[in-house]
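Following are the structures in question.
What follows is a pair of complexes built around subunit A, which joins subunit B in one and subunit C in the other.
This part shows the complex of A and B:
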């Protein structure tokens, strides 16, 4: 098998991001929310604060590390719940009769036609802002896509001869779905998971930037950018680090998803690298 | 064709109904006693009841829902609690900012994406093609608000060429209004362009591998002739779909970019009214946006069936 450049670069970037998020749970250089006014707006490269401090003297590296954790927990959380719900709904739709299938498919279509960002604003207003609301909103937008993908993949697997063989052997419907269909659609779902993980991180950053996602004492890259924009001009590097972090992590996940797609389904090779 | 049309229309109205119920429940469920929240803690019980009665908030929810829908169908979107202004007037004044912004962003996105996508597909497997592909991957990873912040830093703060934010009404100084929209439109267009480049590239790649393009090549057409004369109509299908799919992305991007550049468009109005608990303003405005998106999707489907007769026959 040819080495897949996208997959390798993507996997390395993703691994680094997850490692940083894990480290942030037990070690941080400084308390990311502790103001330190004498050291405010230190430039990057100072001996104690490598990437400097913000307008209240809070350490940038520590904030970026907690931000990585927020992004990954919210992005992976939203994508995982959607994956599970979507796979179940998709399998049910594919294996059931016309009425159930039509109902599930049409509900998914309707959900997909509702613009996510606007609905997330409404959700944040009603449920209150925070990481959990954001995960809930992501689940609402992503589940229909997973349902569609799982359904169409499962439908084509259900045409295969080995399914007929299993039916003739007397296997129950649920056994066939779990033992034969699911393993065969897992690859497609994993690719989809990676791409929606990335989309979740972007959405979380956007909502936190608007002030309806994660708020202090929580830390998110989007929140850091919104704070930085209020003092852009004073210290523009503050607007660089969180943005770069988002780009690196999202790019890593998308490259990994592309690479995985090529590896799992070489016929459809469309990856760019 | 008629069955297809009926199916699409049934779906269109079904989707509108489902979305309106969803929005109504979402906004009302958490609203609590709306009148009490709007008037604040020191309001007397009489004043709260009076406001509730004036806006019909004391009636059962299903009645309120039906009244809301009836009003919407007659162009009455309700009034704001605080100012008493009609929501329709508020929306129209904001749309004169948001529509030019979103539309120019989409057009700029297409101007970038179509040539870039075709170029990347024609050069697939070569370093230049991979480079364009990589640029588009990076563009997809850039949050639209970060692009906005960076552009306003560069052109606004350092070079001082364009305003970093704010808005001058069209009626006061149209040139200034356009200047205020330049950076937001570029931010939106760059990011949308990056996303759409990917779709265009894979649409063209699909077409290039089709038998009819190969036949055209065998008949002596150059690759460009084959693509334009034979492939374009086929490649236009996925591109039309992409424009439909990008609607949600476009609206999401416009919501954020209006905040980045403090432009008082529709989404700033929604954000402010969400904070102020103006439930009627929020539910009507959000519903209008949803109607618009679902309508665009319907148009895309119909256009699709005009461009490609096959879709009319199949399921």
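This part shows the complex of A and C:
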């Protein structure tokens, strides 16, 4: 297989982010929620706090590490649940008769026409803010897109002769969907997954920034951004660190998605051999 | 009716007001080989799909499809799925799309053998290897681990034939099995199919528009035009002494070395006009607008089928011609 630069760079960046998130579950340099007033607003590069401290003297690196965990859990959680639900709905729509197909497709259209931020705000207002609510909002927002992608990909696979052949050899409908159709559309769904993983991280940061996502004692990059906002001009790098983290992780996921799209494209893979 | 592998009586296939197959009857004896010829759109493939109960959504059948002692046209889907592949199987036109691209070919054939028999995994693998060997596929063990895109068109089609033979069906329907292959491979694949079918005594329905293939492989032939069989009979008889003007036209439009002039000065004879759309089939003989012998009778009355022929003005050829 030929070397895919964007896939490799993207995979490395994503792997680093996930490693940091994993490390944060058992080891942190400092308690990210413990104020330390004498050390407040230390500049980056100090001996004990490499990236400095915030307005209450809390360690920035520790906060970024916990923030990575939040981003990845929320982004991956939202994208995974949407992927599973969307794939099931899409396959059902593609394989069923007109009534079921139309119902699923039109419901997906309606859900797509509601702005995701509004859904999230309403959910946060009714269910209370937090990581779980954010995952729930992302699921409501992303599932229709996955449904559409899965449905259209499944429809074209269902046209193929090997589906007719499987029917001819007595395979049931569920067997055909699970063992023939799903593996053939998995590549498209994986690409979609990485892109929505990134979109989920961005949405989570936005919601936390607005105060309807993760709140203390939870930590998210969006929350750090909104807290750093008051210190812009006093200690500008405070806002830079979470912003940079978001850029790096989202860029990594998008590069990986692009790379995977090239590698998994059935037309390209056929011409390799 | 136990002496025929497939007996189709007055088959109609339609979608709403559209009748694509209009009263087709034929019978294939056990171990017999029949060819079904016709232009694109004459209803060959729909006839085959109807025989397997795999018509696209919206299409329905009338008439009787007798196979293995039961009428397939009035079986439920679950009853059909139990017998599909076991007694009737099919070889598709395009071997690339007929194999699942993301699963190894070995997996596809072995899981089928295991589904239709109580063979264990090792036993099924041995059976698959034996089938591959019979199909003249090199290195069967490695071939089983290959994905479809790693194989050539001829190899894929041989694997399709192996899959079709896997459950010892009584009838194999081959829908233009060699159209997607190049000429040298065509011959090998056809020979393999021919030998395998002959050895097992499997009946064969060969759907094609390639008359030489029919002449080489089949015992009987049915010529379809616009949803009807216009002429049927033993291959030797139909091809040497065609009685229907359409059959005559088909035979005349086959390229041979005699009528191909390399300087391009000669033209291949063709039948004027095209197959009429299903919506506006005229009353009377469907071929009449393109027929040089058509009379008023042809325009008004649909010809009856007499001795496998449906024409008011059969051509009479001298025996020595």
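Heads up, the rule we're going with is that the second predicted complex is superposed on the first by the 265 of 273 C-alpha atoms of A that agree within 3 Å, B and C clash if a C-alpha of one lies under 4 Å from a C-alpha of the other, contacts with A are read in each partner's own complex, and residues count from 1 in each chain.
The rule we apply is simple: a contact is a pair of C-beta atoms (placed from the backbone, for glycine too) under 8 Å apart; a residue touches a chain by one contact, two chains touch by 3 or more.
These figures come from a predicted structure and were not determined experimentally.
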Clash-or-fit label for the pair subunit B, subunit C on subunit A: fit
Comparing the two partners subunit B and subunit C, which touches a greater set of residues in subunit A: B
Subunit B versus subunit C as contact partner of A:183, first or second or both or neither: second
Partner chain(s) touched by A:125 [first = subunit B, second = subunit C, both, neither]: first
First (subunit B), second (subunit C), both or neither touched by A:246: first
Which superposed partner A:79 touches (first subunit B, second subunit C, both, neither): neither
Which superposed partner A:165 touches (first subunit B, second subunit C, both, neither): second
First, second, both or neither for A:113, with subunit B first and subunit C second: first
Minimum distance between Cα atoms of subunit B and subunit C in the superposition (Å): 17
Common interface positions of subunit A, toward subunit B and toward subunit C: 270, 273
Subunit A contact footprint on subunit C (complex, rising order): 52, 54, 57, 81-86, 88-90, 92-94, 97-103, 112, 115-116, 149-150, 160, 163, 167
Footprint of subunit B on subunit A - complex, ascending: 106-107, 109-110, 113-119, 121-127, 198, 202, 205-206, 209-210, 212, 222, 225, 228-229, 232-233, 236, 239, 242-243, 246-248, 250-251, 254-255, 258, 270, 272-273
Subunit A partner contacts - residues on subunit B that touch it in the complex: 11, 14-15, 18-19, 22-23, 26-27, 29-31, 120, 129-130, 133-134, 136-138, 140-146, 149-150, 152-153, 157, 201-202, 205, 247-248, 251-252, 255-256, 259-260, 267, 270-271, 274-275, 277, 282, 286, 289-290, 293-294, 297
Subunit C-facing residues of subunit A, complex: 97, 160-162, 164-172, 179-180, 183-184, 186, 266, 269-270, 273
